[in-house]
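The following pair of complexes shares a single chain, subunit A, combined with subunit B in the former and subunit C in the latter.
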Partner chain A sequence: MIEIQNITKKYGKKTVVNQVSAVITEGRLTAFIGSNGAGKSTLLSIISRLLKPDDGKVIIDGTEVLAWNQEELSKRISILRQSNHMNLRLTIWELVSFGRYPYSKGQLTEEDEEKIKEALEYTEILDLKDRYLDELSGGQRQMAYIAMVIAQDTRYIFLDEPLNNLDMKHSVQIMKILRKLVDDLGKTIVIVIHDINFVSCYADHILALKDGMLIKTGEKKEIINSDVLSGIYDMNIQINTIDGKDICIYYT
Partner chain B sequence: MTRNLIRSRTDKRAAACLIILAAIAAIAILLFIFQGLNQNNFDFNFPRRIKKIAAMILVSICVGYSSVVFQTITESRILTPGVMGLDSLYLFIQSFIVYLMGAEKLMRMNSSLHFILSVGAMMAASLIIYRLVFRAEGFNIYTLVLAGMIMGTFFRGISSFLQLLIDPNEFSILQGSLFASFRNINEKLLGVSCIIVAVSLFFTRKDISRFDVLGLSKDNAISLGIYYDSLIKRTMLVISALTAVSTVLVGPVTFLGILLVSLSREILKTYRHRYLIPGAVFMGIISLPVGQFISERLLSGNATVSVILNFIGGIYFIFILLKESRR
Partner chain C sequence: MEKPYTNHKNMKLILFGILFIQCILSILVGVKNISFLHPSFEDMEIIFISRFPRLVSILVAGCSLSMTGLIMQTITKNKFVSPTTAGTADWARLGILIAMLFFGNSSTMVKMLVAFVSCMFGSFLFIRLLSKIRIRNGILIPLIGLMMGNVVEAASTFFAYRFDLIQNMSSWMQGSFSLILKGRYELLYVGIPFLILGYLYADKFTIAGMGKDFSMNLGLNHEQIVNLGLVLVSVITSVVTVTVGGLPFLDLIIPNIMSMIKGDNLKNSLLDTALLGANFILFCDILGRVLIYPYEIPIGMMISVTGSAVFLIMVLKGAKK
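This part shows the complex of A and B:
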């Protein structure tokens, strides 16, 4: 279980995250939603220890995040940021094998190889394993990064806008993989996501942020609701039920 | 526990290239030592050449290691300690200590002691550089290159100014032992230098595989369990010590580092530091005697080794700048 207590982060005088407290429950897909600049990515970075908060604590499985032995912690949580500009020229296999670093420190064992292969099969890019990342489409590259995180085999997985710049096919494919990770392997996944309909169709739990504050938290059913969403996004959002799925219509 | 070392194709290729580089480096060393040696001049030349080549190997290790690693921690293909003016900073520190303590006192002092004092000061200064480079978020890489160039010129200027302030008689005595060049290699400090290099590399030997992960990006490295801040700080300390060693042995060679690291990358085509670092070191061991040969034989001493290396390295640097800006 991950507990967030009174997290505050300021950039200069601007408070980006303001006294946020929440609990992220295990075995669920939690989505952080909100407008641009609401503090979602910053909060995600703080929880996953990429950023240090100015105030507040993050407690992962009973121990504060910075008190954890980082090498042990990397077997328990993994994070993928949205921009993955890289200087290195790597093949997919090489990239994904980095996911095993917490376990093998660069010397792959047979077990590591097996895990890498599984991750590549999970993301359906095994046949591309010897291709270089810079030869791939944006969607395939994102799949490779997701595969790296899967190979890291952590209980908690954090993803910062994993669908950014992807086409519908890859977006759906990624969300299905995440769903499978939660349902079949019992992983706990937290994502920052903009497309509200992906949240509505694939997430379990929602944390809504606005101007750095946590304004609403609850099960998907409670949040995917015209009044609540209008409050979060400051725009009129209609909900239609199509084939049993709540679809938000906001193209006014 | 069975620990199979599973190697990919790129690894095998890199290992093969590395063996070839090592062989060429060995030939370069032997040529440097035995070229033109006969029974008459053996006693005179042999020990001098051994010392000289030892210094060159040590400089190659320092410059090769620090340049590869500096590029990794700054996530750039352009910055090296030389480009950032770290060697000029060392010259400045050295001159400053001479100025403060007075040359006379220093002459009586053990030169190794003075060296160690300078290395200590250099390591402290590098932590300030660390703040400049790593804490100033949103600094673009070209700003850093520019800042480094200015810093290099600035420190070199200040150190020549300080040298003017030192009594000329005392300075001329000190000059030989303090301000080295390839023609005037500081052999007295070879022993201490060896110890400093060996100790720094021994204590950070486990970092080699961490640098591979760092190459992915800061965020990914933290996610994979690297203690980012302490690794960067530790590495900056090692880099500054190694830069001090190479500068004290042969003086500053601004563009040698960029040459070694880029050639190593081009040839080995790998991201693994366990290949890249030796690759850069071997390139150094090959190019320094060759530079010496060009300087002494082809140009009959009209251009020094550092001038030649800076000329070639500088052109290469511009080439890399253009290539990177197009990406």
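This part shows the complex of A and C:
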């Protein structure tokens, strides 16, 4: 379980995250939603220890995140940021095998290789394993990064806008993989995401931020609701039920 | 399970083979003819006092410089950064000058230490600068390094001129193996443990090259690894500069060639880079000794000419793809 207590982060005078407290329960797919600049990514970075908060603390499985042994923590949580521009020429296999670094320290055991292979099969890029990252399409590259995180095999997985710049096919594929990770392997996944319909179709739990504050939190059913969403995004959002799925209509 | 790396499997073997042949050639080539099969006492003396030290120093310098280049370009995440372009070598020379000014005719060990301190200062200044100014254009980073290096070099030249040390200094500006004799190159061995350390840290350097967030995600302290890399690079650069002198751009060309062939997973490419570096510099040295026999073309010049030709070919080939 992850407890977020009174997290505050300021950039200069601007408060980006303002006294946010929440609990992230295990075995669920939690989505952070909100407009641009609402503080979603900053909050995610703080929870995953990439950023230090100005105030408040994050407690992961009973221990404060900064008090964790960093090596052990990297076996417990993994984080994939939004822009992953990498200058290195690595093959997919090499990249994903670095996901095993917390366990193997560079000496891959047979178990490590098995995990790498599983991650590549999960993301359906096993046949591309010897290709260099810079020879791939954006979607394939994102798959490779996600495979790396899967290979890291952590209880908690944080993803910052994993669908950014991807086509529909890859987006659906990634969301299905995340769903499977939660349902089949019992992972706890937290994502920052803009496409509200993917949230509606795949998430379990939602945290809504606005101007740095947590304004609404609850099960998907409570949030995917015309009034609530309109309040979060400051725009008119209609909800239609199509084939049993709540689909938000906001294009016109 | 199928092993991931199938191509370039024999690369190390081939590089070793060529290196071995070149080593024999290097021992044989020289003004004095040596009989390899029936060496006389005099031949043996020449081999052990002059040719063998020369060969060893070439090998160590070639491995060292290409490895430092690879480590530097990885931890700075920039393919154009190397001890040459980051000005590290210029700082080493400034250090040597300071040692000569303040400690008189000090031993090479003292020169090496002062050069090392100076190198460290320069490297950390460079890295601090990079983290302070957020530059999006990658090519500007080595340009800043080159400019800083030139300022440092100008300062060194000025003080060398004022204190009548120009002649002394120039031998450290232009690398040369022709003055290497037994007793004058052994300091190079100091660099070897650091090369091994560099190899042991290969994975960590690669992860550092992925960026701060990736390093943290995998439980590593990014800053610590970068600092360690800089210390390694500074030690090795100062050792080579004090014993052999400056060998420009070797540290830039070799890692880039290897990166094109084998990618940037240091564990996978570090040894090959070292071997290629040793091969390349030995080739340049032998060619330089043969071309205008019995005289010698300076190694720095040979490296520049051969290196730019090779690099151009690689770039053009890459562009065609």
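Points worth noting:
The rule is simple: the second predicted complex is superposed on the first by the 252 of 252 C-alpha atoms of A that agree within 3 Å, B and C clash if a C-alpha of one lies under 4 Å from a C-alpha of the other, contacts with A are read in each partner's own complex, and residues count from 1 in each chain.
By our rule, a contact is a pair of C-beta atoms (placed from the backbone, for glycine too) under 8 Å apart; a residue touches a chain by one contact, two chains touch by 3 or more.
All values reported here derive from a predicted model rather than from experimental measurement.
On the shared subunit subunit A, the superposed partners subunit B and subunit C overlap sterically. In the superposition on chain A, contact is made by A:Q70 with both subunit B and subunit C. Judged by the touch definition given at the top, the superposed model places A:H194 against neither subunit B nor subunit C. Shared-chain residue A:K10: touches no atom of subunit B or subunit C. Of the two partner chains, subunit C is the only one touched by A:K117; subunit B is not. After overlaying the two complexes on the shared chain, residue contacts for A:T109 are found with subunit B alone; subunit C is out of touch.
Look at A:R155: by the touch rule set out above, it reaches neither subunit B nor subunit C. In the superposed pair of complexes, A:R28 makes contact with neither subunit B nor subunit C. Shared contact residues of subunit A, touching subunit B in one structure and subunit C in the other: 48-50, 70-75, 78-81, 86-91, 93-94, 98-99, 101-102, 105-106, 110, 113, 130, 152.
Within the complex formed with subunit A, the residues of subunit C that make contact are 1, 4, 6, 74, 77-79, 138, 202-203, 206-207, 209-211, 213-214, 216-221, 259, 263-265, 267-268. The residues of subunit B lying in touch with subunit A in their complex are 2-6, 8-10, 75-77, 209, 212-213, 215-217, 219-220, 222-227, 269, 271. Residues 48-50, 70-75, 78-81, 86-91, 93-94, 97-99, 101-102, 105-106, 110, 113-114, 117, 129-130, 132, 152 of subunit A are the ones touching subunit C in the complex.
Those residues of subunit A that touch subunit B in the complex are listed here as 48-50, 70-75, 77-81, 84-91, 93-95, 98-99, 101-102, 105-110, 113, 130, 152.
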